[in-house]
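Here it is, the structure in full.
Which chain is which? They are A, B, C and D, in the order written, and residues in each are numbered from 1.
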Amino acid sequence: MMKLQTLRVRNALVRECMAEFLGTFVLLLFGCSAAAQVKTSRETKGQYLSTNMSFSVGVMSAMYLTKGISGAHLNPAVTLSFCVLGQVRWGRLVPYCLSQILGAYVASALVYLVYYDAIITFSGGVLTVYGPNETASIFATYPTEYLTLGRSFLDQVVGTGTLMLCILCLEEKRNTPAPSELIPAIVAVIVLGISMSMSGNCGAAINPARDLGPRLFTLSAGWGTEVFTCYNYWFWVPLVAPPIGAVLGSFMYLIFIHWQLCDPEPPENLPEVHTTSDKTRKHITSSEKGDELKTAHF
Amino acid sequence: MMKLQTLRVRNALVRECMAEFLGTFVLLLFGCSAAAQVKTSRETKGQYLSTNMSFSVGVMSAMYLTKGISGAHLNPAVTLSFCVLGQVRWGRLVPYCLSQILGAYVASALVYLVYYDAIITFSGGVLTVYGPNETASIFATYPTEYLTLGRSFLDQVVGTGTLMLCILCLEEKRNTPAPSELIPAIVAVIVLGISMSMSGNCGAAINPARDLGPRLFTLSAGWGTEVFTCYNYWFWVPLVAPPIGAVLGSFMYLIFIHWQLCDPEPPENLPEVHTTSDKTRKHITSSEKGDELKTAHF
Amino acid sequence: MMKLQTLRVRNALVRECMAEFLGTFVLLLFGCSAAAQVKTSRETKGQYLSTNMSFSVGVMSAMYLTKGISGAHLNPAVTLSFCVLGQVRWGRLVPYCLSQILGAYVASALVYLVYYDAIITFSGGVLTVYGPNETASIFATYPTEYLTLGRSFLDQVVGTGTLMLCILCLEEKRNTPAPSELIPAIVAVIVLGISMSMSGNCGAAINPARDLGPRLFTLSAGWGTEVFTCYNYWFWVPLVAPPIGAVLGSFMYLIFIHWQLCDPEPPENLPEVHTTSDKTRKHITSSEKGDELKTAHF
Amino acid sequence: MMKLQTLRVRNALVRECMAEFLGTFVLLLFGCSAAAQVKTSRETKGQYLSTNMSFSVGVMSAMYLTKGISGAHLNPAVTLSFCVLGQVRWGRLVPYCLSQILGAYVASALVYLVYYDAIITFSGGVLTVYGPNETASIFATYPTEYLTLGRSFLDQVVGTGTLMLCILCLEEKRNTPAPSELIPAIVAVIVLGISMSMSGNCGAAINPARDLGPRLFTLSAGWGTEVFTCYNYWFWVPLVAPPIGAVLGSFMYLIFIHWQLCDPEPPENLPEVHTTSDKTRKHITSSEKGDELKTAHF
């Protein structure tokens, strides 16, 4: 192994932002590539389900890559929730979000480069948001024709809320935790479930970066301002609704589960974002509970 | 983390009922959303298999959320079986069942709110139980045209019996136990298998709460009394048959497996419902077997 | 828990045969039910892939149920291979095989009872082996029209050989073992792979009991002797070829992997059939290797 | 167990090459069989997704079989990357690659033998590279009509880069490692993700052996020189681009993740190729905690 550790970035925040950038890049690379493959092959090389599954593999891969560095949020709504829950410092919020959006943008650009011939052939060279040959939905999400604004807002709140509700419990030792080394896979399955069941209305963005990054890319790559103006400027919904949903889902978790667990003394025991707990967890027995908290949190 | 543990509910039964409510809510939220997405998109955004898979993800998520509090039954037939097996007190039966039904009802209402535009567009505004534009089957289960009453009763008995037979073995230390931290995922796979193979006749409810909650919702939301009267008042089958099947399946497990395992002395060693065993199991070596039982059960 | 352990069967062989019966019953219950659901719904409630997946779930469930008692062979070809490898006594061969066939027979009967209305409706009441409304293939396997006898024999040899080659390595401590508590799931994935890739010619029986039990059932239930005489008495192929393939696959494993592993001294270290090793494995460190072998094998 | 360990091959390189041969054989046996089944059944016995899934099961099975002997590269691009990273000696490169190509060739031949009747029936006896009845794509990969050369080169670079980027992190103890006993399954999921999302252009070979072995076989089995000359001698792309992509992906991993992890001193801590690490990892007990943490974090 080359000993080039002098290349290590000294600033922790920069390292974490690099990780969030890379993680969101990987997530979108899998997801948008699959969307491009399914659409441009007119479902002969995959189907709706394979796009769902690819986003899910992207979540898993991105989490294994970056969880040890930045906690693998990959989603501004998740970062915000962890800030609200006191797990992540507020100062991280904006840099993380920008890194996530940038990662999503760059991934979209790479998908466009890789599938350029296919997209041009499929669309007849006209990059558009509407009609049977539209290709904008390979990148960002768009609502169905019949969807009202309030409905799509609710849709995004519920989808993101479900995400937070289901993932916050996975590392809780007082409950039934998932194996710490398999949490990326379990989270991926949950995301698959959400995209199989809650994408019917408007594509289950449930992630402002996943939606804004690709939308900005399509704006700059020739789809025109329609990507923002279409459906009566609908683009703000997957930016605003997911953070609200994520916080609501987190509180639902706190109310129904976290505050009700059998050992109320250590309330700071909420799932941690960093992997430190993964490594220490195994040494812990119930008789050592006092120590456990010290080991795990200080 | 906010230190609001004063919000903890003091009554254990209420806490458990809150967990069963939330768990069944999550199960139905995934499952019925997927059914709505597949039906209203006319299978362009998913297919029969994705609905099966979403219910399965719902089972997994609901179990991770609630297993540490209530045991994650999510199903009156499962609660009844555990009562019969002596694992759960009979006093829990009715409160658990009501919580499960309520969770299923509320989830149906939320799915209706989220997919309201889609349902109205698909059905042309007529909420009905019959015909190509029926939408009642998004929520509750209905038999196929050709199915006789006895057959559908047998179907539900066999499906629920298979469920209990296959899940009771998963925590048995004397057999080949599943990893305790992955039991939610393994149970989800078993439920997926049942819904891929035993839903052809009448939709594999195998769970009175999963069926009654949504049916009551559709009654109250405009589908009319047909949801109960249709197919000659068929609705009672998924209420009555699953508990019978679950108990039969449990006894089949006892007869063929539990009583035949290599260590007959500790018969109380049946899979436990609460997660305590998960936490203590790791300390056990075969040389400590005597102690193990004490640790695990008292 | 009811303390009825007096119901334990005293004869170990009978207990094991009960387990093999139940395991094969569960395997075929999942698999044939899915085949019935897919066929009688004319692929509206599932597709070819869901049948493959259901057989796979059946393998997993059956293994968790019975691995601690009989080793969960579920397949005469597997039992024969373990006899040849010296892992199972030859006296077990015939009783195990008969139990497996009986389990498959009874499962077929139950699937027929559950899906009777569907089968009669689909087939117009004519139970037949040929034509678009044939229903015999719900139960046993049949070759495609163009398949020559030698080809189908080779197909079954290769399929069963692949099965043994891939599962024998999973418990080998000197290699990369699968987690002992997840072996049922990993074997299920391997079986899924085989049925997605090697069932094109003649249905991937790769298991004489899985094929003969259901075929005998269809003979007795009204499909007539055609189930044996069709395709020029083809039925013997999935009975004779799989055991040959299984033994060939086992030897391929020995030659390429088992004899080449880094620690040649303990050749008896082949994956064990019984779960004893699963329980003892955890105590072993490399410094205890000498002891390990004693613990594990005597 | 037969005590024939005298059959052990004395030369370590030969043993490793046997393992790479067998592993690539198993990978292609699953993958090409599925491609043959899906194509010759005209998608009635599987679909595009089942071919993706079968390749994935092949990766998992091959890794469990051979990871303890050769590291389970199964791909010249992976072997090259490990050589560049200093994990594998350069002297291994050519022998490993030849073994991988040979394994892929022999697997193709076996798939041809097993599916010969089906291929002849499907193709009308004319083995060709072009047209609706082409069967060459069962074995090697071919580009879509509209694909430019540069695009397909980029496609293979990106696909193989994604593979290396996502698998290199899985064994890194300082990050979020995957369970060492489940790495074959996790890698299989990543490969599934790549083949669902990055095979639209030219089939996602991302592996020179997986492509060249089968192409050589089709050349020798009657498809003619067209398999090499078609699409303007396109065959060199999946030979040359994947190694470049693999090395680029490895460096991307080093830059974004490996050099940024919290413990820069032990840079040789990169995921190891041999299973030694799997075995040594387990010796760490909580009593050695002090040392462990030093090694891992400082």
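As a working rule, a contact is a pair of C-beta atoms (placed from the backbone, for glycine too) under 8 Å apart; a residue touches a chain by one contact, two chains touch by 3 or more.
Keep in mind that what you see is a predicted model, and the values were worked out from it rather than measured.
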From the centre of chain A, which other chain's Cα mean sits the farthest off? C
Proportion of interface numbers common to chain C and chain D (over half same, under half different): different
What's the distance between the Cα centroids of chain A and chain C, rounded to whole Å? 40
Let me have the rounded angstrom distance from the C-alpha centre of chain A over to the C-alpha centre of chain B, please. 28
Quick check on chain A: which residues sit in contact with 2+ other chains? 47, 49, 179, 182
Building nodes from the protein chains and edges from chain pairs that touch, which of line, ring, star, complete or other describes the result? ring
Taking the complex as given, what residues does chain D use to touch chain A? 47-49, 52, 85-87, 144, 146-148, 151, 154-155, 158, 162, 165-166, 169-170, 172, 174-179, 182, 186, 189-190, 192-194, 196-201, 252-257, 259-262, 264-265, 267-270, 286, 289, 296
If we count contacts the way the header does, which residues on chain A are in touch with chain D in the complex? 1-5, 7-9, 15, 18-19, 21-22, 26, 29-31, 33-34, 36-37, 40-41, 44-47, 49-50, 53-54, 57-58, 60-61, 63-69, 72, 110, 113-118, 120-121, 179-185, 275, 278-279, 282-283
